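Multiple structures are listed underneath, in structure tokens.
There are two complexes below, and they share chain A, which is joined by chain B in the first and by chain C in the second.
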Partner chain A sequence: MKRLDRTTVALLASLAALLASGPLLPRWALFLLTVSLAKGLVVLGLLLLMRTGLVSFGQGLYFAVGAYAAGMMPAADGLLLLLGGGIAAGAVAALCGLLLARYRGIFFAMLSLAFSMILYGLLVKTSALGSTDGFNVQARALALVPAGGPHGRYALFALTAAAASIAAFALHRFFASHLGRLAPAVRDNELRVEYMGASVRNVVHLNLVVAGVLAGLGGALTALAVGHIDPEMAYWTTSGEFVFVAILSGTASVLAPFLGAIVLELLRSFAYEYSPNTWQLVVGASMLLVILFLPSGLWSLFSRWRKALR
Partner chain B sequence: MSAILETKELTKTFGAVTAASAISLSIEEDTVVGLIGSNGAGKTTFVNLVTGYLKPTSGTIRYLGRDITALQPRQVTRLGVCRSFQIPQVFDTLTAYENLLVGVGIAARHGGPRKDPEEAAEEMLQRFGLDRFAGAPAGILPEGVRKLLDIAMALVVKPRILLLDEPTSGVSSEDKFALMDLVLGAIRADKVTVLFVEHDMEIVRRYTQRVVAFYEGRVIADGEGAAVLEDPEVRRYVVGEAAPAVRPC
Partner chain C sequence: MGDILAVLIDGTIYASWLFIIAAGLTIVYGVMRILNMAHGSLYALGAYAAASLVGTWIRGGHPPLFSYALLLAAAVAVGLVFGPLIERGILRVVYGRDEIVMVLVTYALFLILEDAIKLVWGVESYFVSEPYALLGTVEIGPLTYPVYSAALVLAAAGTGVGLRWGIYRTRYGKLLVAVIHDREIAAALGIDVRKVFLVTFTLGTMLAALGGALTAPTVSVVPGMGVETIVLAFAVVVVGGLGSMPGAALGSLIVGLVRSAAVHFFPQVELFSIYLVMALVLLLRPRGLFVAAEARKI
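Up next, the complex of A and B:
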């Protein structure tokens, strides 16, 4: 058997640490971690798009589609709702991708934002889906463990941690594959990719769908954790938050988005606790500090540390 | 020998400018052909037309008997017509090795040979003498090395005909012959037909079996190298010899 590479080892260790610490954590921390890992999945998709040279300000669209699909499905088990959310978001991404894959830069960013705001508008006007109030989501069981209570909460947390780890591992392998290598090639030189015989549009489309599926999974898991969904999930500030986390975490590793998401949730929770009227100021100032002192994101702390050890 | 590439009455106009005017050429398989002409004569336009980057205003292009006139660059490439660029078009953030690996991967997905991709990329690095740059990002490589990498990237997708756009531009005159020896040696090892655009007449004389001279979008001479280079029109419009002085009345 080949030796496991560093990222795979780090992923396995993180998953083991999460699963082991879960039962010991207070309820608020377990919830915070579950939501962070779920949102980290969305940011993982953004990382994939950034590797292709694209920044999407509309991942909230797929996040909301995943959540609403999970909420509307008749299935009783959270695992099925999760799958449904991922598939529904992937299908929407495949459809929007037909148009999005033609655009780059600011046009891509604005068009992705426009698509998400169309869904927002539709959800707000649809009274059957609770309009601006949204509706409650409750799975009866999670991977056969009855929902609710400490066991149910832990089951959801474990399911989220497992989904995050599997997705991160799959993407890590994808980056090293031929199709994965085409993404930075497209970012660097589209003309050359075409002149080597590959379709740039297909590469972009594929990455859009993968990012959409990841955002859908994140949305479904968030819906299950929070127990409620509303149109805010598709609103542009939600999409902006994902871009915020992507910049905060850096794009150097598939683990970075999860670290970034956890840091943001912690920061927000504590800022809200201690300065409820100015918590946005605290979050904004932290972002400014990261951009000034860690332009490659929080993950660059690890690379600096590793260099210093050498 | 049969024709691998054939153009008939190929014409391209940009508004009032005619960049290619009724070019009819037939390129034999397994040959090396030089395209010469002063700046703006239509050499690069011809390369762009053949590889699908530009759509001709009229005329046809046939490759191995098949009409490829309306195809996209990627479709033309998959069939076996590839090109290199005057200004190297490489993937700056990928290493030289990864640059080639991208090409090997694409070729394998479109019916190319399915041998070990890593091995194929390494073999191509060696063939172009690029092994010692394998791990360096292409963006920081010297221009001459990027130029070689650019040509290697065109060859790694297994073409049957390769169009080189000014392979020696930006290379010092004393290095030109060594570069052409290396490049043509690497390409001809696979018996790939070569069509190359060149300004240096010494290079053209030494490496080609046939020379096609362009002037204002037209072919003004076509034939064996020495003969074309001696042609008075070519001497006047391409080589740049002074026209016979016109006596004032």
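Up next, the complex of A and C:
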């Protein structure tokens, strides 16, 4: 049997640790972890895009599509809602990708922002979906475990942790594949990628769809965890928050987005507790500091530390 | 007929407001290659500064006629304080990085400024309607419009003409054009690019603040007023072409007219009609209406 590489081991270890510690955690911590992991999925998609050299200020679009799709589906089991959310967001991403795949740099950022704002505008004006108030989402069961109560909450947490680990592992393998390695090449020099005989547009489009599916899964899981969805999920500041986590985590590892998301949610809980009016200030200032002093994100602290040990 | 007239007038008023803000955004991008996400917060700062200044003035029992000068003074003050502060303090450190990094840096600034505003002014809303009410209203056919709106249109036209004159007719404007075309060659020819950047960013900040200051009398000044403004201004400059002044003017008109048409005929699509137009324009002209395609470098 082939030896498992370090990331896979770390992934398996953290999944096991999460699943084992779940029943012991207090309710707020379980909720915080569930939401963090769900949002980490969205950021994982952003990481994929950033490897391709693209920063999307519109991941809120797929996040909201996933959440609303899950909320509108008649299915009773959360697992099906999750699948539905992912597929719906992937389909929207495939459609938007037809256009988005032509753009780079700030034009890509702005156009993706425009798309998410279109959805926001639509949702706000759709009274059948609760306009600005949104509506409540409640799955009757999660992977056959009845929802609600401690068991339901743990089932959702386990489902989220599993989804996050599977997605991270899949992306980890994808990055090492032929197709996955084209992404940094596209970022570095598109024309040469074309000369090699690969289609830049297809690479970008594929990455967009994968990122969309991940954001949709994250959205559906967030909807199930929070129990409520509203158009704010598609607003550009939501997308900005995902970008913030991506910058904070860095693109070095598939584990980084989840770490970054947990750090953000922790920060948010404490900031809300102690100084609710300076929450954005804290986020903004830490983002500036990360960009200035840790351009490769929090994860680079680990690699530095490892180097220092050697 | 009355409907169409209303759409045209409303659209022009809205476009004037948009143009003042978008002009600042586009000039900063044109010269410095920075898409300034904090522009909306600077707009809000202008509005707050104007509301405080004019409010204090009126409450002190001074002649309200002078408040128009105070609106302008607030914009200039915000520009002179925050322009150099942000450019020297933060942006200077990250020059030379990727354009998208600049977007992230200014996004961080946006977050910081949004809360800083709340800390200074609190979360309650401010009203200073005196400059607005003072001018009264005028009747155009069957419609009644505040004269203040006409003043806004004039201010926008003045801004446009002033910028055009400043850029193409003055020595400093010509230096600016040189920097826009080629930063390195301009520096090699002895142009102080750093100074040009400082002046440009201050000017951009002033324009954002001017947009806010002129809006302050017509709305209640509340936290979060910059959040929506910035995405609208983005739509305008992306439609017109980033960095293009005529583009900003045309983009404002298009966005302004589309929005007022949507408000009058299809109110349910108002919010997203603007972004739909932006997506459509980008579909046909990927770099906006006024920017030519760039040669790719291998």
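Here are a few things to note about the model shown:
Here is the rule we use: the second predicted complex is superposed on the first by the 309 of 310 C-alpha atoms of A that agree within 3 Å, B and C clash if a C-alpha of one lies under 4 Å from a C-alpha of the other, contacts with A are read in each partner's own complex, and residues count from 1 in each chain.
Criterion: a contact is a pair of C-beta atoms (placed from the backbone, for glycine too) under 8 Å apart; a residue touches a chain by one contact, two chains touch by 3 or more.
Being a predicted model, the structure only gives us computed values, none of them experimental.
Look at A:H178: by the touch rule set out above, it reaches chain B but stays clear of chain C. Ranking chain B and chain C by residues of chain A touched puts C first.
Residue contacts after overlaying the shared chain place A:D188 against chain B, while chain C stays out of touching range. Shared-chain residue A:I166: touches no atom of chain B or chain C. Looking at the shared chain after the overlay, A:A76 reaches neither chain B nor chain C. Judged by the touch definition given at the top, the superposed model places A:L12 against neither chain B nor chain C.
Touch criterion met: A:S199 reaches chain B, while chain C stays clear of it.
Of the two partner chains placed by the overlay, only chain C lies in contact with A:L288; chain B stays clear of it.
Shared interface residues of chain A, touching chain B in one complex and chain C in the other, are 189, 191-192.
The touching residues of chain B, when paired with chain A in their complex, are 51, 72-74, 77-78, 82-83, 89-94, 98, 101-103, 105-110, 117, 153-154, 157. Chain A makes touch with chain B in their complex at residues 178, 181-182, 184-185, 187-189, 191-199. Chain contact summary for the complex, chain C toward chain A: residues 35, 90, 93-94, 99-101, 103-105, 107-116, 118-119, 123, 227, 231, 234-235, 238, 242, 268-273, 275-276, 278-279, 282-283, 286-287, 296, 298.
Residues 55, 57, 99, 102-103, 105-107, 109-111, 113-115, 117-122, 124-125, 189-192, 236-237, 240, 243-244, 247, 277-281, 283-285, 287-288, 291-292 of chain A touch chain C in their complex.
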